[in-house]
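So, here's a batch of structures to check.
In what follows, chain A forms one complex with chain B and a second complex with chain C.
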Partner chain A sequence: MSILSVKNLGINFGGLRALDKFHLEINKGELIGLIGPNGAGKTTVFNLLTGVYQASEGEIILDNQKINGLSSDKIARIGISRTFQNIRLFQNLSVLDNVKIGMHSKYEYSFIEGILKLKKYKLEEKIKEEEALKLLKIFNLDVFASYKASSLSYGKQRELEIVRALAGKPKLLLLDEPAAGMNPNETIELMNTIKKIQESFEVAILLIEHDMKLVLGICEKITVLNYGRVLSCGKKDDVINDKEVIKAYLGE
Partner chain B sequence: MELSQFIMQFVNGLNVGSIYALIALGYTMVYGIAKLINFAHGDLIMVGSYGVFYFYTVLKLPLWIAIVLAILLCVILGALIEKIAYKPLRKASKISLLITAIGMSYLLQSTFQLIFTANPKVFPNFINLPALKLGDILIGANYYLTFLISIFLLIALNILVKHTKVGRAMRAVSQDAGAAQLMGIDVDKTISITFMIGSGLAAIAGILYCCLYPVVSPYLGAVPGIKAFIAAVLGGIGSIPGAVLGAFILGMVEVMSKAYLSSALSDTIVFSILIIMLIFKPSGILGKNLKEKV
Partner chain C sequence: MKLRFNNNFKYIIFTTLIFLFIQLLSSFNFLNRYYQGILTIMCINIILVVSLNIIAGFLGQLTLGHAGFMAIGAYFSAYITKLLSNTYFSFPIALFLGSLMAGIFGIAVALITLRLKGDYLAIITLAFAEVVRNILLNLDVVGGASGYVGIVKHTNFAYAYLIMFVVIILTISVIKSKSGRAILAIKEDEIAASASGVDVGNYKILAFVFSAFFAGLAGGLYAHYMGILEPKAFRLDKSVEILVMCVLGGMGNLKGSIIAAIILTLLPELLQGISSYRTLLYAVVLIVMMLAKNHLTLKGGVK
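Coming up: the complex of A and B.
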């Protein structure tokens, strides 16, 4: 069953055609890699999917609902969460608050109930806090819950971004270079965790990554972008043996 | 006698400080979230006072209804100002926003001058609770009420900002509006709520201010507005505890210099504090130093 279906997506930045006739199908619970040389348009795809940019043409359908044209907060509430290539945590807030902000749209108590700290507020805050701590436990971050996000190490901050994105209970999780700046051991650990997240949360994951070991290690399917166009897509083995892909990556 | 006079002045300082604190919070919260110095904020004090004057003295509504209506008027006006004047300029340069804010301030003053004329009106004296007696010191009801109401509001605001989802959304937007929106936070709504809270606090501050100085005029908001702004800068604009701290320092300095130095010089001293602060620590007492990357 398809969770995300993108057809004929394109965007121009002035005279530059940043993305052209982009297409992508993601089924429920699938893990797909999006690769390509620098400047190929990978992050542009993420920005289009999350409503940061508006597409010049094409359509994006998430769970039978057309989402292009919607603002990014609406898209987040419908079910796409993401992380960022350069970390964008709320640095001055605690680790726990970062996760709670990820859950923002799931809170139900009203403004007045919050100020007066009524029963509904207390109950809900308690449940959400337990939930947040459970999520933090995936990466063993729960011990840092009260720390400021900025005090975490670089690798831990990357992990916290994933937790914050998961907190919104997305149908589709977009990870933008989650292994950037990590050493080989950390990368392997991250790989296992992503696999674990995919299985236990039943969430579809689209992953941008330059580390081919990670991509080949966990992705079932791969889409290759080059100069804003889909060069190749499909099963992992077919894609890496594609002549066009080899040409783009290694030259003739 | 010396000591009791000092205590009286101290109480006075706390009062003035707590009113400045309520106003300064509006400046600092709006600055934190929208990176805008809302110069029209001071004039909402005036709107709040005129509200009570109009609903209570002119329309003869019951007091509590008049007060609630005056606060609501300011809350709605604050949200409207944001929607009409500032929202279309969200991506414009800071200087355009600043000029718009000054324009908005004059618009409010002129509109109220048109409606109520420039003649000052007498603000109703509606607090008739007994004064508090501590030895030979007498503290008037409007003094301790002002202080208690302000402290209550400061605590409520603290709970709101630190422990509720709206407050978390506000803090998230003030740090990174783009990332906050991608987490499902409605940024426009959060900014609106911030303006509404700030405006409501300004209305209450205006009413309390007029309980101490019972004259309402279209330019009423200018002086407490600018002083609260100084308080916010002194404490570190964008910081909520900073605004409160700055306001109490400023209120105390103002009252003490009036009492012991010279009432003519008190404003000079207050404004000098702003200049000295801007020279030596422009980020304010509790503000963060913004390191620019070169």
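Coming up: the complex of A and C.
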């Protein structure tokens, strides 16, 4: 059952062909790795999928719905959430508020019910707060709920970004180098948690990661990018034995 | 982010007590008309600073056109009270319609400036206020350059205080709801906000409408307090004056900006005796207050 289907995606930045004939299939609940050297176009894929950039050509279909040209917020509401390579938290807001904003589109009370603080507002704020705290527990961040996001350590900020993205109940979660800046132990722990999230939330995950070993550890399928093109894709065993991949990525 | 008035109930009791106290003082003639006038202006200034805070503090956009929204509310509400002459409800109706008109202009300004930030937004909003003022200068129906006279003085302290109270409560409620969080998120990071499902454009418009509506309300109160309106009251100085209160109190800090509005309303009155040095002293006090505030912030005293 395909949840995301990308065909022939391409974008130019001035003279630079940052992405060319990119394609990707993700099934429901799958965990897929997206790897490639610096500047290969990985983050650009995320920016195209989430409407930050508009593709020059190609097609993105999420759950049988074409999402090219939709705004970022609409795409988020339809079901793609993401984290950012350079952390983009709401730094001056509390950890809890960061997660609540991640849930933004799930609140049902109307604007008027909100400012008049009617029953529905109170009830929903309470339920959502409990939900948010529960999500924060995944990374033991609930104890920091009232802290400013900026006061968290770098690693914890990355984890908070994942929680915020999960809060929108996405069908597809995009993680852009979530382990960047973490030490080896933290990284292994994070990868295990990501695996756990995939299973317990039944969410499909597309994971950008530099470290090939990490990706091989948890992903069933891998897509390799090089100079904006798909070098190889498919089951991980096939990909790591692909001659092109060995030549370009592993440099042998 | 810690919210300023955590306990609404405490806040209601507190403001009611202040109100009763002031009413008591006036009924025993401890407060003459002059002092009541200052208190009324103080309430109007508080409404202005709170409303500006929605755009400048919470949404994080620099605007220099607040006096424009105030002017629209002032002139339009005055026009309506004259139109309805002596009907019992003419004042509240006029206040509402004046604010509504300001709110509509808020939508227009928001739509024009949707993609602008920082200096560009400041310049456009400044231009907006100047255009409004120049139109008023040439609009003979409302007196043009010679002023709009004969507005019935409906505004009294009780009216201004009640409306100020409602404006503050509503603003806090907005900020504490999902809409307020969305607005704060936009200030922090627009890209992350929209990636979280926040419709950035809509919430920018919402912030402008609310802010402009309340500024219009303050304008309506002002018009019916003064009894006469002149376009020159809504020059850039006025926008800057409100912005200074906002900055002094700490952007996005309601309690702080209310205190700043109180101090900066009283200051010129206190300096009246030494009228020739008044503006100079006003500036000096401002600088000292800014320095003191910075000092506290650096020490971690004000968070």
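Points to keep in mind about this one:
In this text, the second predicted complex is superposed on the first by the 249 of 252 C-alpha atoms of A that agree within 3 Å, B and C clash if a C-alpha of one lies under 4 Å from a C-alpha of the other, contacts with A are read in each partner's own complex, and residues count from 1 in each chain.
Here is the rule we go by: a contact is a pair of C-beta atoms (placed from the backbone, for glycine too) under 8 Å apart; a residue touches a chain by one contact, two chains touch by 3 or more.
Computed from a prediction, not measured in an experiment: that's the story for all the values here.
Aligning the two structures on chain A places chain B and chain C in clashing positions. Contacts of A:Glu129 after superposition: neither chain B nor chain C is touched. Judged by the touch definition given at the top, the superposed model places A:Glu59 against neither chain B nor chain C. Applying the stated contact rule after C-alpha superposition, one finds that A:Lys148 touches chain C and leaves chain B untouched.
In the superposition on chain A, contact of A:Ser94 is made with chain C only, not with chain B.
Once both structures are placed on chain A, chain A residues 50, 52, 71-73, 76-77, 81-82, 84, 88-93, 97, 100-102, 104-105, 107, 109, 111, 114-115, 117, 121, 164, 168 are touched by chain B and, in the other complex, by chain C. Partner chain A is touched in their complex by these residues of chain C: 1, 170, 173-174, 177-179, 181-182, 184-185, 188-189, 191-200, 206.
Listed in rising order, the residues of chain A touching chain C in the complex are 50, 52, 71-73, 76-77, 81-82, 84, 88-94, 97, 100-102, 104-105, 107, 109, 111, 114-117, 121, 148, 164, 168.
Taken in their complex, chain B has these residues touching chain A: 156, 159-160, 163-169, 171-172, 175-176, 178-187, 193.
Residue ranges of chain A in contact with chain B, taken from their complex: 50, 52, 71-73, 76-77, 81-82, 84, 88-93, 97, 100-102, 104-105, 107, 109, 111, 114-115, 117, 121, 125, 164, 168.
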